[in-house]
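This is the structure I want to talk about, given as structure tokens.
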Amino acid sequence: MSARPLYLDNAATTAVDPAVIAAMTDCLGSDGNFENPSSSHAGGARARQLVEDARERVAALVNAAPNGIVFTSGATESNNLAILGSFDADPRARQHFVTTRIEHHSVLDTAHALQIRDVEVTLLDCDAEGIVTAGQVLDAITDATVLVSIMHVNNEIGVIQDIEAIARTCASRGVRLHVDAAQSAGKIPVDLSGWGVDLCSLTAHKAHGPKGIGALYVAGGVTLAPQLHGGEQERGLRAGTLATHQIVGMGKTFELARPERDGPRLAKLRDMLWRGLGEIDGIRLNGSRDRSAPHILNVCLPGIEGESLRLALADIAVSAGSACASDDPEPSHVLSSLGLSDALAQSSLRLSVGRFTKPADIEWAVERIGAEVARLRALANGAPAWCST
Amino acid sequence: MSARPLYLDNAATTAVDPAVIAAMTDCLGSDGNFENPSSSHAGGARARQLVEDARERVAALVNAAPNGIVFTSGATESNNLAILGSFDADPRARQHFVTTRIEHHSVLDTAHALQIRDVEVTLLDCDAEGIVTAGQVLDAITDATVLVSIMHVNNEIGVIQDIEAIARTCASRGVRLHVDAAQSAGKIPVDLSGWGVDLCSLTAHKAHGPKGIGALYVAGGVTLAPQLHGGEQERGLRAGTLATHQIVGMGKTFELARPERDGPRLAKLRDMLWRGLGEIDGIRLNGSRDRSAPHILNVCLPGIEGESLRLALADIAVSAGSACASDDPEPSHVLSSLGLSDALAQSSLRLSVGRFTKPADIEWAVERIGAEVARLRALANGAPAWCST
Amino acid sequence: MNYSPEVLQRFDLPQADGVFPDETEGVVRGEAEDRSLGIWVRFDVRVHEGLIRAVRFHLYGCPHAIAAASLICERLEDQPARSLSAIDLQVVADSIDLPVEKYGKLLKIEDALLECWRSLGDSRATSEPGNSRHPGEAKDS
Amino acid sequence: MNYSPEVLQRFDLPQADGVFPDETEGVVRGEAEDRSLGIWVRFDVRVHEGLIRAVRFHLYGCPHAIAAASLICERLEDQPARSLSAIDLQVVADSIDLPVEKYGKLLKIEDALLECWRSLGDSRATSEPGNSRHPGEAKDS
């Protein structure tokens, strides 16, 4: 296969927008703004200004105050900083953390690190569609609860949690709320100030920006213990030389993102995909039909072994299980939480569209997937029931 | 002043080499290798291969095994990971850390964080030239010593520590050694395997690579507790989506760096600068004449107030005190450690040359600095002794 | 996962997958499965005059399993029936660069072939009473 | 640090820096310093017939201090000598956008000018005994 595979894995990462590449490149070479934003000379000041402009753009997309935005190396670091930083800054001897079973590994593994430190952790279950309710959060909160962390859009199944309701619940109990918005920012509206979220993780590379740059939104009055020591950058919350080109890239990315325009366009492509694939016998949607981010479609193809499915579709770049751990043979923890068997989880595909996906791509993908499913099902004709349940 | 200032601040950061920019750009757009290196599809595998190629290039420059290289967001993070990761992984109840007073803030602030956790910290003094000896390290080591951390090249005064001797000393006492080589890699030979260093921090942006990417070298058998949770990237030592373009940029940077060729060229420029500035009455060299990295010249201009000196030289981008905190009015902790008074520390300039510095730049800088020093000294004619001592 | 050309080629165009027409005579069937390994396989083998004339298979499983089954089918054709009980698994594994963690799946494929071999014994035993336990072999000899 | 055009212009070309030729008559000198603030300043003021004819200064200090001294020199020329004791510091600070943390330096500059004013009194007192404590003013009146 010499042609480039069709890319339907935009929830794993995205191609960087040409305008973003141009903005980044301007900050690299000798003629550009390559200087250290911490330097006191004119070049440093210019770089600092670019960083502040980017901060404003990032803040604007999520309706936040610019001085609440702390740049990090990505949402993984933001999640770690939000969670560990909250617990390190909390004086209570007994501490409790509330999150869900379907969070990204960077939240779940951090929860595990807290458990080792004797923090009590509550992992909320989701329902069969992947939804967690404000009521569940309310029930979980205790006097020892330091932080609730709930993702906005799930990276595997695209389900959208009702952050507004959950934020109201947390506020009513005076508990801090962190939201992982790595997958949502740019695709659906995010209104951090309106909702009253305390902490929110953002990343550039899921929205046609560069990898390796993200941000943590920290609401006014929220104290965090820094996790990286050594320098006064980012109000002392995150040390390290500011990577101007990365920050400027993220700023441009968030400036270009228009949820009210991009969301419906992505949803159209996703719906077209689902209509086409719906013709396949026995196909199931993983997640929620109504409450789903516009770019993610997760389907289960019962009776098709996962690894063969992926190889058969080698000319379409898709994801099985989480993108961030897709070399991992374990079935996805998210699909398991929905109640899928290991076999069904393995027979699932995450297809995710992006800015550069065209309707013709969708037509082609539907045809290819249909053909390969038919072929592999014929090969497995007569297989026992466990292969498809 | 409309012309761009002459850039003599290459120890703060450097302009990215055009070949590095090209390699990075290839990993960004839709036609490039933008995919997530963790993805199992062909694009992911290709990105993964690029990451591994880069790892080999980074390893090659510092004579290390490629699988010992862990990519991070920069030397600040590498320093944090090396130090906190070592202490978190050490089972002893009583723990002790040995470092020097002239380390970068990312080491000193981490040492401070350890102190808060009841780790005993020994800060070694340097002599008047900035040198710390293996004998001092030996004397400081106790049964509780978990880690010794010594920088290779000091970022303010350029002094080179004898890491080989210090490594021998640490090995003789069975104590782990971490080296911050942010300023040395690419400019002078670094032989991690030969010297027997356990951990070493590297960064790309001091050697004409991008900001926001670095690495920690971890020798075989050295166990570290990860500081960022959530994903199996980098052998579980550093979670987060791998930023292909940044890693490839660092790989190219380290491939292009040739200490045996670049070092002497930089030293020539620095020596030319020192010869020229040596004409200025009373000028002093901060640091060591013999044991200095080729790119850094730190001079003291007694009798010239620091802020005025910097403004007078606004057409030359230089640094006063540490680049990483140069908006900070505190006198540099490194210059203070050498025994300089606050006034003399403030009257000091760090001039640092790079790949794009030309001999004509040096001539111009010598002339400009000479003229401004003369002007400001005339203005301060008659000032009391404390202004120049 | 990296796949060798031997795997890719057989995965894309497996040899001998499918079934024989219902009326085909002399066909024995062997089946094996392991849910935890994620494999199910069924072979239909047509033996005539002690020689394997054709083999067909159905399989639910990973690309290596498909390639292994396909490769075995290719190799069995025109071989003495006793070959069904004498597959050299190491040769198969080596031919397709089978990762060690997938070895268990190969054992399941062997199980299915052994069942064919046993069925062949049973079917001959039924149609030609008094024959040896290893009919293919007996016939050949 | 950001500098206003008022500072930059005076820093680059300070007005009236330097000294008078040794033989110049009617010159008084005032000096002040503060090591912790990093400032030393010395004014030479030539007063003739109750008017400030010229001012010169020397200064070790930051750009704002240089600009402030320069600005004050400009404003003092041709003013009555008593102006030495009546500098409106707020006006100076505002004119050069002086950061609050540098206000202490301005007070040192004032000290040096007050010393000039006092010296002027002393010198007149010496040369013209019986004069008022504020010689410039007395002369003017």
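Read from first to last, the chains carry the letters A, B, C and D; within each, the first residue is number 1.
Operating definition for what follows: contacts are C-beta pairs under 8 Å (C-beta built on N, C-alpha and C of every residue); 3 or more make two chains touch, one makes a residue touch a chain.
Small disclaimer: the values here were computed from a predicted structure and weren't measured.
Here the spacing of chain B and chain C, counted between their Cα centres, is 63 Å. Averaged C-alpha coordinates give centres for chain A and chain C that are 46 Å from one another. If you average the Cα atoms of chain A and of chain B, the two centres end up 34 Å apart. The set of chain B residues that touch two or more partner chains comprises 40. Among the residues of chain C, those in touch with two or more other chains are 1.
If each chain is drawn as a node and touching chains are joined, the picture is a simple open line.
Interchain contacts (touch definition given at top) occur between A-B, A-C, B-D. Contacts from chain A toward chain B in the complex involve residues 1, 4-5, 7, 9, 12-16, 18, 20-21, 24-25, 28-30, 32, 34-36, 38-44, 73-74, 76-77, 79-80, 104-110, 112-113, 203, 205, 210-213, 227-232, 239-246, 310, 314, 317-320, 323-328, 356.
Across the complex, chain C meets chain A through its residues 1, 3, 8, 11, 14, 17-18, 33, 35, 38, 40, 42, 58-63, 66. Only residues 303, 305-308, 311-312, 343, 346, 378-384, 386-387 of chain B touch chain D when the two sit together in their complex.
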